[in-house]
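Residue numbering begins at 1 within each chain, and the chains themselves are lettered A, B and C in the order written.
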């Protein structure tokens, strides 16, 4: 009974916000026989914030890597604004308008915070002066501007997480993929990050797809939540719908203390 | 060209290849366990050859008799080198490790240049010119001895890793470093033993090679490169691959020397290296990652 | 807050100090022939030459993070191209330089394209560069048109002075190599301040992150290899015309590749002044050592010293001397 109910929830159409900016259709990836992502489909509406959640090993980061071009899918398509971007190289994906952060942050350690962001900003505008100005704006937005001249490898983890976001933002993406930017942050820092992302979404209309384990951030930010388990989508709906879904509760049961 | 000549060249190449293979085994073992590329490998090889030469000239000890002494000495050198230098660089970037060992290489080789001068020197044994003949096949006695001993040393190394407590512990470090630390293995000491064992292989190979060729300091670069070629052809980190690579390169060089000009023969090795790096960087026997 | 304050306070002081140092150094080097004797001049030429080559290598390793251990290949190609064209057809070295740079760029493109496309990384890539250099060495050893293993010799006319033909006294060569060094410095400086410079450093620091930020990693790595090869080849042309002889055995040898990068490693990989500082230090210390041990007739003592330098730097100051000295001199970052 409950399974049928879950299916109903999953297919219940959401009120259409706009044409989706990102469409993922039947995405599949197998590693040596192990199917990490199996026939996953979902949409991200323009200007929306969608969260991708699920227990460890559910295939969330693999899905990100498939969208961002780090991995090539065995099947399925990724469409950005009606354009097929499936299997493109990461730099092409970036140019197409998708920015991403890494779960394990990858700062350019020997460059300054400002220079890190400038590398991103130079994508849209080859002028170093323009990139500098834009990078300062973004750093100010992420409250990192007072650290602009520090070497990236001297930053604390919360600052590195924000630098990661700043760098991706600097590429002027239409869609931002955030891979666990809250992990390892203290509650106050999480709230700050949530506020920053909400502000970005509100003021610039930036669309965000985020992988997150910190549930209070997911609930505070996202209009829609996609739940993966063992590489398959088990639920897709509003945060309220998802938290009531017995399938979701079941797969999270063992992990509740963590969230 | 007569068939017998080919046959002789091929067997000669095979036999020499086994000695090359033993040298490369050391390089491969060190890499397999610690992911360290020993750029001073050829230099240690030439140092071993000089050690055997000195023992012969001063004490009259033949290279075969000197084998345990030189191997033991090289073990110590490797052990100390690992403790004093390489251990500090385990976490460093690849090119920093490479450069440190390059520094060691420069010190060793030029130290030998200062001590022994640039001229080639060799040993002349009672049986240096003896040979065995099987029908049309003529095998140099020294080459046969060298190959047999090299094979035995390789077997010993395999047994060390397969059966001894310490060898098994070293393999545990290679498989899962964190796990090895958790169960309380003294990783630093095991690494030092590994480097020592790798160096000892070179010590044995050096003694054997001295029976076949004359030594001079500038051979070291050639041997370092030869070692790399062999292990990359065979698969870096694979012990069987190193032996196979040694034989392949020994053959390639021997045949290259007859079919075309002898001075062109190492072009085949480098050509092979380029090819392998491009099409199968994990080597013939290496595992695909 | 305090960091911003410190940075802005240091800014007006930093610029003149650095510029002053640079201007003083340039003036000193420009006027050097006025007071330097033959010996000192030859040492200065060697310093400039090593610094120039170090800068060329730095463009690839220091800026873009691609480790080449086979740069002797490009020295040799440049030197042989210009040298052979001069010997056989009387073509002036400045033209030959273009040919040499073009040949080396093509060779760099082959090494780079193969290495990067096939995903040959790190030490394996370094080995690939060695293999190409050694392969070419053996090839040249058997190529009669360039004198094979017995070498290629450039005609020496002692009374002839021609900048166009690069025939003349050491002073002329000094200004040529100083000019090249300054050009290489300005080029490096300018590139680091442009998009390509930022992209190279991003690739050096983290290739995956760089790619995610929209950088065509292959294209920019290729640019680094090809530029570095061309610059190195120009240095090879200088070598050919300054020393007037070329042997495959020495010019393509791995020792030359090693020698070429030592100064930059000691001075500071990836910095602008590192190659100059490192070359100056190593050449001067090497000369002092040679003078001290001359009577003992010890071959290889200089190489041992260089090997020890390498070890000391790698163990205690892997970033090189310049980054440390820069903070000591209060020159900021």
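Basically, a residue touches a chain if its C-beta (ideal position, glycine included) is under 8 Å from a C-beta of that chain, and two chains touch if they have at least 3 such contacts.
Everything numeric here is computed off the predicted structure, so don't read it as measured data.
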Contact graph of the chains (line, ring, star, complete, other): line
Argmin over chains of |mean CA - global mean CA| returns C
Top of the farthest list for chain A, CA-centroid basis, is B
Dist(centroid_CA(chain A), centroid_CA(chain C)) in Å evaluates to 44
Distance between the CA centroids of chain B and chain C (whole Å) is 33
Per the C-alpha means, the centres of chain A and chain B lie apart by a whole-Å value of 50
Given the complex, residues on chain B that touch chain C span 37, 85, 88-89, 92, 94-96, 98-100, 102-107, 109-111, 113-114, 117-118, 217, 221, 225, 228-229, 232, 261, 263-264, 266-267, 270-271, 273-274, 277-279, 281
Residue set of chain C touching chain A in the complex reads 1, 3-4, 7, 193-195, 198-199, 201-202, 204-206, 208-217, 270, 333
Listed in rising order, the residues of chain C that touch chain B in the complex are 61, 67, 114, 118-120, 122-124, 126-128, 130-132, 134-135, 138-139, 141-142, 149, 253-255, 258, 265, 298-301, 303-304, 306-311, 314-315, 318
Within the complex, chain C is touched by chain A residues 68, 70, 89-91, 94-95, 99-100, 102, 106-112, 115, 118-120, 122-123, 126, 128, 131, 146-147, 149-150, 167-168, 170-171
